[in-house]
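Got some structures for you, see below.
First subunit A sits with subunit B, and in the next complex the same chain sits with subunit C.
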Partner chain A sequence: MIELTHEVRGDALILRPKKRIDSSTAKSFEEQANVLVDAGAKKVVIDFSEVDYISSAGLRVVLTTAKRVKAAGGALTLSGVTSNVKEVFDVSGFASIFGMHDSVEQAISSLNG
Partner chain B sequence: MSDKIEMALRNDIAEVARVLDAVEAFGEAHNLPPKKIFQLNLALDELITNIVSYAFEGHAENRIELTVELRNGGLEAELVDNGKPFNPVEAELPELGEGLDERRIGGLGIKLVRTYMDRLDYRRDGELNRLQLHMNLNAAD
Partner chain C sequence: MEMFVDIFGGLGLFFVGVKLIGNNLKQLTGSWFRRLIEAATRNTTVSALVGILSGALTQSSNAITFISIGMVTAGLVEVERVVPMVIWANVGTSALVLLSAVDVKLAVLFLLGATGIAYYFDIDKAPRFRHLLGAVLGLGLLFLGLELIKSGAMPLKTMASVREFLSFAASSYVLAFLIGVVLTIVAQSSATVSIIAVTMANVGLLTIDQTIVVVVGASLGSGISIALLSTNLRGIGRQIAWMQVAVKLVGVVVILPIFAVELSLHLPGIKAFVFMLTANHATAVALVYLLLQIVSAVLTTMFRDRIMHAIRRLSPPTVEEALSKPRYIYAEALDEPRAALDLVEREQARLFEFLPDIVDAVRLDGVSKLGPDLLSQSAASVARQCGEFLTNILDNNSARDVLLDVVEMQKRNEILLSLILAVADYVRTIKAAGTIAAESKFGRLLFALGESMHTILSIANDAFQNRDRDDLALLRDFTSDRSTQMERVRRQVMDVEDIGPAEHDTLYASTTLFERTLWLLQRYTTLVETATQQE
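Take a look at the complex of A and B:
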């Protein structure tokens, strides 16, 4: 199980997974994220400030969640991606797909734009 | 802690968490650079995930073994499994695609493994896949 908290701020949903998004936690992240996104969020931010590990299984969940949000007419972006996790996004070419922001506030503004 | 991790793994994705914990503890006990431990863990995660997901279709006697040790100033790991032959060193990687709609994940794990490991040696040893992973520890990062 992954530890995931969330926050609704205005019309934005902020997802905050914690610690590791690896092959053994990615599925529970996906299931919980789906439920939250399906509640009608059009603006979604995944805040990575408390994530210190991601594998390709985790990247897959970010991708499928982004597609799910887009299919519902919304958009998803990322905040707080640093260090080793950022490097995985860079190596994978994912950084440019989702957009990365230093803070949750900046991420939300980018979705308002 | 000894200078070597030896683990027999069940054919279960939950084993990945056990491996990551063990390698993190090994890294802390030996004061290894956290970035190197992250990279080794990522490679092991991707490779064990591949084995659990694809190696044993219709195959009852599953065997997966991992060793990690410090040797010659580097980190050396070996993954052994008796699943179907798979050589991650030579496997062709599919195009990953560009935008959100075209983006693919297949092959990304192997790309990460090849990016982060300094050397990979694969051989088929009878009924076994044997993959050796080498990481230098004297690099600047």
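Take a look at the complex of A and C:
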């Protein structure tokens, strides 16, 4: 079970997973994120500042969440990626496709822009 | 002494002849034999006829059995389809045994003379005739050898020691039977041993009864020989070999008791039957050989399904064979080219399921329990079968729109095969590198490459299963050109860490293979997207 907190700032939903997103935690992340996104969020930021490990299972959950947001007419971006997981986002192409921002504020403004 | 040299030389010529015929006919039959098998597999009767013909040409049911095993394990035909051919190949091997019973001395000398002249005029240099001429020379040498054995062995029957040995052998049919078994295991051909036995009967060295027992023993010997040769086989390969063993056993189990009753109770049986057809001893033995093969083939064909059921239980398909079996494409679908192309497309899309599992072998988070070599070889095998299937669609159709679509699908197939090999190479490279500190820059890069490759291959799998335009577009984004990125990450590792030559090689190989995998995926995606837009 993943520890996931969230915050609503204006019309943006900020998801904050913690520690590890791998095959053992990805499913619970997906389930919780789906409930929050389905509540009507159009702008979603996933803040990875407290995540120190992400595997392929985690990346795929990020992707399915992004597709869900897009299907609802919204957009998703990433923020606060730590050095531990930055390489995974870079090499996989997630950083360039979804955008990777230093802070949540920058991420929200990119979604507003 | 001269007599033994004659027999020895005759045997030598005989074996050279057998080898020449077999080797040259196998070369000669290479491409057409393959097409023949494919065509034959559609119909049981044709398959049986092809078996008889192949047995007559190669003079070896072992050769047909192992060629069939090769075809089936390569995934070119289904095991059930080659079984009639394997069963009836034995009947074909009777041709030479029957010929050996006839006096063909003049024909043999003429054949050798004509072959010699052909060699003198360098006709053997022409690729079209090389193997045909080699096979004809083999046939000539084989019969010349038999003639030498015949003439050399003629005085033997007057020698006291030989008479004593033969009367001893005649007193024990078990011994004659064992001689047939052992000689066949050594010579690897029941036809060969039977021909020698017929030759011996021809000159009166063996009685008709002894010779028949030797011939039946030879059949059992052939079964044992195949069983021995198939000990290293598993799964479907072993199923075919055991079917051939069953054919041999059925013949022996049926014919031997009938002959035993005929001998002991003097009731009419096999011997009486063949002597109704001929008065010549040698021809009678050759007919027994033919009868043995026909009885075996007919009975095995009658109980084929039951025998196959039992064999399948004894030797189920291996995991690799099960994985290497196409799920969608099948030979009958070739009649409908459009449907056949759809099936290839589904089969190709299915192969993308294998790719993330192959990468699992080098991931901490990996869940696949099957080894990467097994998965990649199976996937590559199915891809090759798709390639063969596409070639068959081309061969069967000339409609322009079908041809264009087949060519497009062939392009995809080539990319898919390269993709499977690239992913397998990547995994092999990472495994060969051994343990690299996870917290080092290089270790983190390898982790990122593995997780990224697994993710992108999973995205590709979803995209090609669904063929959703948005998913395909997303996949195109994920597989954009990475040459600059890979160059940068290589430099970053080398700037920060002092890596040795082996790690240097791993760094280059892994990043290059990652780049190649994405490039191949990009090309495949573009082809699928184009096809989707046209639809």
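The rule we apply is simple: the second predicted complex is superposed on the first by the 113 of 113 C-alpha atoms of A that agree within 3 Å, B and C clash if a C-alpha of one lies under 4 Å from a C-alpha of the other, contacts with A are read in each partner's own complex, and residues count from 1 in each chain.
Rule of thumb we're sticking to: a contact is a pair of C-beta atoms (placed from the backbone, for glycine too) under 8 Å apart; a residue touches a chain by one contact, two chains touch by 3 or more.
These numbers come from a predicted model, not from an experiment.
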Review point. Which partner does A:72 contact after superposing on A: first (subunit B), second (subunit C), both, neither?
Key: neither
Review point. Now for A:25: first (subunit B), second (subunit C), both, or neither, which partner does it touch?
Key: first
Check your understanding: A:60 contacts which: subunit B (first), subunit C (second), both, neither?
Key -> both
Review point. For A:90, is the partner it touches subunit B (first), subunit C (second), both, or none of the two (neither)?
Key: second
Point to revise | subunit A: partner with more touched residues, subunit B or subunit C | key: B
Check your understanding: Does subunit B (first) or subunit C (second) touch A:36, or do both, or does neither?
Key -> neither
Check your understanding: Which positions of subunit A sit in both the subunit B and the subunit C interface?
Key -> 22-23, 55-57, 59-60, 63, 67, 84, 88, 91-93, 97
Check your understanding: Mind pulling up the subunit C residues that touch subunit A in the complex?
Key -> 356, 363-365, 367, 444-445, 447-449, 451-452, 454-456, 458-459, 470, 474, 477-480, 485, 489, 514
Study note, to complete from the structure: The answer for subunit A against subunit C in the complex is residues 22-23, 54-57, 59-60, 63, 67, 84, 87-88, 90-93, 96-97
Point to revise | Contact set on subunit A toward subunit B in their complex | key: 20, 22-25, 52-53, 55-57, 59-60, 63, 66-67, 70, 84, 88, 91-94, 97-98
Exercise for review: Sort out for me which residues of subunit B touch subunit A in the complex.
Suggested key: 13-17, 20, 35, 38-39, 41-42, 45-46, 48-49, 52, 96, 99-101, 103, 105, 108-109, 111-112, 115
